[in-house]
Amino acid sequence: MTAFQIILMGLLIICAVSVSFSKNLLNSILIYMSFSLVMSMLWICLESPDLAITEAAVGAGITSVLFFVTLKKIHAIDASEPEKEEEKENE
Amino acid sequence: MSRKKTAEEYQKTFAFRFFRWLSGEKDPYIGKVEMQPQKEYQPDQEAALRHEKEHDAIMDKVYDTEHNKWLYRFHRLYQATSILFCLFLIALLLVTISYLPPNGTVTRPVNNEVAERYIEKGLEETGAVNIVAGMILDYRAFDTLGESHVLFVATITVLILLRLNKTEKDEAEVSDRRFEPKNDAILQLVATFLVPVIIIFGIYIILNGHLGPGGGFSGGAVIGAGLVLYLNAFGFKKTERFFTEKTYKWVCFFSLSFYCLAKSYSFYTGANKLHSVIPKGTPGAILSSGLILPLNIAVGLVVACTIYAFYAMFRKGGF
Amino acid sequence: MGQNLFANYGEAVSAILFCIGFTNLLLQTNLIKKIIGLNIMDSAIYLFLAEKGYIAGRVAPIVVDNVTSTKAYINPIPSGLVLTGIVVSVSVTALMLSLTIRLYTRYHTLDLDEISTQLKREGK
Amino acid sequence: MFPILLSIFFPIAAGVFLLIRYRTPLSGEKRNTDRKALLLLTGCFLVITAAFAVAALLTGTGKDGFILFNLTKTLPVYFRIDSVGTLFSLLAVIVLPFAGFFSFEYMKHEERESRYYGFYLLAFGVLNGLCFAGNLITFYLFFELLTLSSMPLVMHSGSKEAVMAGLKYLFYSLCGAYAALFGIYFLYRNCDSLTFTAGGALRASAVAEHGGFLLVTAFVMLLGFGVKAGMFPMHAWLPTAHPVAPAPASAVLSSVIVKAGVLATIRVLGMFGTNFLRGTWVQTAWIILTLITVFMGSLLAYREPVLKKRLAYSTVSQLSYILFGLAVMNETSRTGALCHVLAHGFVKAALFLCAGAIIYKTGKTRVGEMRGIGKEMPLTLWCWTIASLGLIGIPPTGGFVSKWYLALGSLKSGLPVFDVLGPVILLLSALLTAGYLLPLTIYGFFPGADYDYGSLQKKEPCKLMIVPILILTILSVLIGLFPDIIASTIDMAITGR
Amino acid sequence: MNFICNFPFFSILLSLFSGTICSVLPAKAAKVVNRAVIIAVGLMSAVLLLYLLSTGEPFIYWMGHFPAPWGNEIRAGVLEAGMALFFCMIMYLSMAGGAHKLPGEVVESKHNLYYILVNLLLSSLLALVYTNDMFTAYVFVEINTISACGLIMIRQVGRTIEAAVRYMIMSLLGSGLLLFGLCIMYDLTGHLLMSNIKESVGLIMANGEYQIPLIVSVALMCIGLCIKSALFPFHAWLPDAYGYSTVSSAAILSSLVSKGYIFLLIKIIYRVIGFDIFNNTRIIDVLFVFGLMGMIFGSLSAIKEKDIRRMIAFSSVAQIGYIYMGFGMGTQAGMVASVFHILSHAATKSLLFVAAIGLTDVSGGSRKFIDLTGAAYRNKWAGVAFTAGSLSMVGVPLFSGFISKLLFAQAAVQVEGKMLASLIVLGISTVLNAIYFMKTVLRIYATTDEAAYTGITFRDMKAYAVTLVFFILLNVILGVSSQPVVNMIEQGLAMFA
């Protein structure tokens, strides 16, 4: 059990660092989503099922959905995103 | 007095300035304190434009990081200090943690009479099998009352920020659907199956909050997620039939008022050492544990509505 | 340096996560990433709290078979606190995201410095 | 108790009333009748205030002191009339009404006359409060209010120069007052109470423990209050503020309001006790500063062509006579100093009013332009001449008495170097005083051969202007004619309560 | 248990519940509810205060059926009740003072949301004042933060949204640190209730075990609250947030929101850590230094500012520096001074914001100084009120600002090591205050040649003028009869122990 916990924690740190360095916003949100999932697993290990349920529903679910909607609103989810950005800069 | 220096040169000397100061002629505020002559301000159109242009040019120069070395350096310095600060914070926290009582053991100060009583008497005093639910909704109910109002106030701020009036809303809706396929068959089919399951699961979590893991908040979130899925599959037209802003308003109002009043009653009786008339029921039954079940339902309703409201607000600034 | 750093590895990880979140909040220029950093920071604190409640070899505080001995269950208090905390962080996240949308529709950028520059340029 | 409170709060209320009643500038057809009403009101208010103040002085009710209310637990707003306060109050009571009457004519063409009178009355009330204050914190309170209420007088004309001068006055005074407040904090810690007591209020233990520190405190306070009295490093506001203010305002400013700095200095000396300061570096430094000011002020006045500015520099110089007398710290010199307070007060008021009359009638501001003025306004110039003699210190006038005592005190003091240097500088300065005041008399009465007598016309000012000047001039001479009475009163002021 | 003991609970729940009610009411009704709730809470606090003064004993109120270490608690003492009363007063006046501007600043359909925010803000402030539980405090800190953010950005111009984002980022950093410190504290003591934590802290300090993490946790909490209350280096969000939000919001934010956090800090110092233990840490030195820096840099930024509301906002930074300087002194007197300054600054700063809006309204809505020339003649009430507020800020006697400076100075002279630094900075900061406030006052009273903008008379703004009068009265009362208030603060702080 301890080994599993340590692995999960390692994953948490990896997720957190890669969120910081990812260039694409969509990627970082996806990574953040997995961060939440790992966190909820960790909480199962720590014998807190209430937290695990809540985190899974909220952190991985609702928060991520809100992030996605936001990205859509600010036109960051788009196939032609890089060019668009460049265009904007050129303007 | 010898005239070796011209008047102009003389004005630059220290002696001149000193004597000016000595005789009180020098005004230390000229050019330093904002004190222009009191003429009526007459904006000259041309001058104003020119001024604006110059200002823009200056601003461009100042905020042009590539060419403005100072700004660049400042940014670098800021980043470096921030990183150093964070490293320092990590070190500090690690050192602190190394002094904390060891994890996972029984002898820590955390495991004191408070936790003991919650575990030993919790079932008896609150009637909840899930001690965590009993704790947050009975022992420490004031925190939870505050917590639900945090959610409420956050919704209010989101409403302030994103609610649009009628015409803006229509425009927003048009632009909102632009990138999406309408009436996606696969999504609709999956949703037809999934949404009831999700919502029933959410209801289960809420109703079972005092018996097992879960509770109002997580259950509400699950129901909210179900509603969001439904909305995504079938569009606003369908959801508006049963969920409008009015629904949201009144559901929230009634749930929160119930929450407030119920808890007020409980606080009031508790503090004044009066007998509370709310029955505890048999532990383990679905209708047990006093106020916890109705409170869970109220919280669940608020959360489900709130999450749907968040989503709808984000999408098109209204319901 | 105390002796318990390795015994408290969970807390240590949460401290590191906290600082990563903190750094993100301070340094990222992109608002969305700042918000993610904020969420990481909050999660780290909750992890810290949950670690506090954990006692090796005991189970979650849900009464089974009317056993109400202290020896059977972990400490329920941190779980309760974290539950409250999660709600708070969701509310704050929603608020921040809606602020982001507003800012974007107004200034078409997510970079706070750039926004300040634009504001200064407007001269208001 | 009531005369004191009335003498303070009646003029303040009256001033506020005037400010509110005449909010808009007088204009239109009713200007003249309105103006008459305003002047009548102001005159009544001035006289009533003076009457209250005199009543307060005469009835002697204030001798025991009374607490108005407690600002904080140990800091009451406390009033008490002592003899030094009486002296200063006397000066204010005499000078302010007369200067006020003078301004009835002088301010005729100014806009917003009512504002001037409103603040004038406010300043009067605050001055009374200052004189009757019984402890340091009350004193400080009125000191600040005095700055604030007299600032509008300085910047009355509203021109850029006036506003800048007002600002300068404000900042110098505020900075000085805060330096003093800084000292009050320390005093508060080292005294039993901040009530003025004869012979110093310092705790003996405090003197033993923090002696050096208290000296610094004393110096800072003297410097801070010295700003108001125009002492050397911070004198520059005076020559800026005086020329731009209306002449009667300058008169009041120069003869009474700057004396608040002197009164403050006396109070500070009282708090520390002269025994504590005598012979320390503070005394030395202070004497040096005052002597520099005396000499420098005269010199600058001598070089100055603008009449009012010249008078302002003269004020700088003359005030430091008083400060010098205080700094020497023996009874004779102190008598001289207090004597000079009265003498300089009357003389300088008269001089400024004369200057005001000349400027009002002829519009000339520079001394060089005023040739032949004595032919046009003989009475005014005679007053000027007599008052000048008083300031220079020619025997039958008040200035002589005070300077005599000052020099005597200095010689008696036994200070190294300064016992002789002081009188020498005072004498030099007196010569310079003659040098900068008398030319107006000389050129005024004897304009020289090339003067065009044809264009000469009578410009003697009206009675409202000339009578106050006359009275003040006569008073300045009277002080000198009966030096014994003055000196004995002042002796009493120093020794008795 | 006396029925009055229910009042703290009633006031928190009433304001919380009224927030919910307002969500279904139309704007007009919401306004009425809001006013009624503030008044009701104020009355209850007043009664409670009287009751507590008569009994002299603080009391604990169970929130639920369970006693101390198990259930939530709130606690009421003299200081808490007094603070609640004062907060209600300021909030009512601020709301009343900005009411006439609200329709122009906020979209009609969002008015009731505005009142919800205000109600919830009030409830969170009350909860912060009364709470006896650290975690409850954290939850209500969050409500406070979010509703304050709502108040900032309800007027939706670009600046406010940007300011709101900055405000949220800084606040969330602060909350994070606060929560982390709280968790460490919980780990060390095993309690969340303040009184229980204090016992355990005493044991820890006696044992010597866990001292380092304890101090770190205290430091984290302090820094968190400092960030949230905009202490000097963390003030970047403040000028925009205060400068561009609605009038009532600016007044409430500057005078109440940051004060709520500061009051929580005081509670933590006294009720959680213990005053002596806190003073033995190095934390107070850090607070002291940052307080001093804030006093100077805040004022310097204010001097450079050309926009009247931003200037007032920057002055808030300086004033918060004063409060932290008081904490940093580490004496009871310093604490009393800080608490008094919380009151006096709240009264003054909200007055200034409300008065400033009156001035800008009659200057075509422009907030630049150049356009404000002569504004005081166009809106006389606002002019007088602004002058009164400025005088209080500068520390002129008779206004509340003077008393708080006096108290700070009195506290400073009792601390050997920090005396000189604090007094010097106090002096510098006062002079800087004087520079920018007096400059503004002169500017609004400068005469203009022509009336470019139309003036406004009493009839047009009765409610506004009455509000201003009440504000001025509050200031003067605090400045003149400060003694009862100071006594109350001392009594309240004694009850904390």
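Annotations
Every chain is named by a letter (A, B, C, D and E) in the order it is written, and numbering of its residues begins at 1.
Operating definition for what follows: a contact is a pair of C-beta atoms (placed from the backbone, for glycine too) under 8 Å apart; a residue touches a chain by one contact, two chains touch by 3 or more.
Just so we're clear, the structure is a prediction, and the values are computed from it rather than from any experiment.
Counted as hops between touching chains, the shortest connection from chain C to chain D is 2.
Seen from the C-alpha centroid of chain E, the farthest chain centroid is that of D.
Of all chains displayed, E has the C-alpha centre closest to the centre of the whole protein C-alpha set. When each chain is reduced to the average of its Cα atoms, D sits farthest from chain C.
For chain pairs D-E and A-C, the one joined by more C-beta pairs in contact is A-C.
Mean C-alpha position of chain A lies 77 Å from that of chain D. Chain B and chain C, compared by their mean Cα positions, are separated by 12 Å.
A straight line joining the Cα centres of chain C and chain E is 28 Å long. Centroids built from CA atoms put chain E at 21 Å from chain B. In chain D, the positions touching at least two other chains are 158, 163, 167, 171. For chain A, residues touching at least two other chains, in rising order: 48-50, 54, 58, 62, 66, 69-70, 73.
Contact of a single residue of chain B with at least two other chains is seen at positions 33, 35, 38, 93, 95-97, 99-101, 108, 110-111, 114-115, 118, 130, 132, 140, 143, 147, 150, 153-154, 157, 161, 212-213, 215, 217, 310, 314. For chain C in complex with chain A, the touching residues are 9-10, 13, 16-17, 20-21, 23-24, 28, 30, 32-33, 35-37, 39-40, 43, 46-47, 50-51, 53-54, 58-60, 62, 74, 78-79, 82-83, 86, 90, 93-94, 97, 100-101, 104-105, 108, 110. Residues 380, 391, 394, 396-398, 403, 406-407, 409-410, 412-414, 423, 427, 430-431, 434-435, 438-439, 442, 446-447, 480-483, 486-487 of chain E touch chain D in their complex.
On chain E, the positions that touch chain C within their shared complex are 135, 139, 142, 146, 149, 153, 156-159, 161-162, 164-166, 168-169, 172-173, 176, 179-180, 183, 186-187, 192, 212. In the complex of the two chains, the chain E residues touching chain B come out as 1, 5-6, 9, 13, 16-17, 19-21, 23-24, 61-66, 69-72, 74, 107, 109-110, 113, 116-117, 120, 123, 127, 133, 135-136, 139-140, 142-143, 146-147, 149-150, 153-154, 156, 161, 180, 184, 186-191, 200, 210, 212-213, 216-217, 306, 369-371, 373-374, 435, 439, 442, 446-450, 452.
For chain C in complex with chain E, the touching residues are 2, 18, 21-22, 25-26, 31, 34, 38, 41-42, 45, 48-49, 52, 77-78, 81, 84-85, 88, 91-92, 95-96, 99-100, 102-103, 106-107, 112, 115-116, 118-119, 122, 124.
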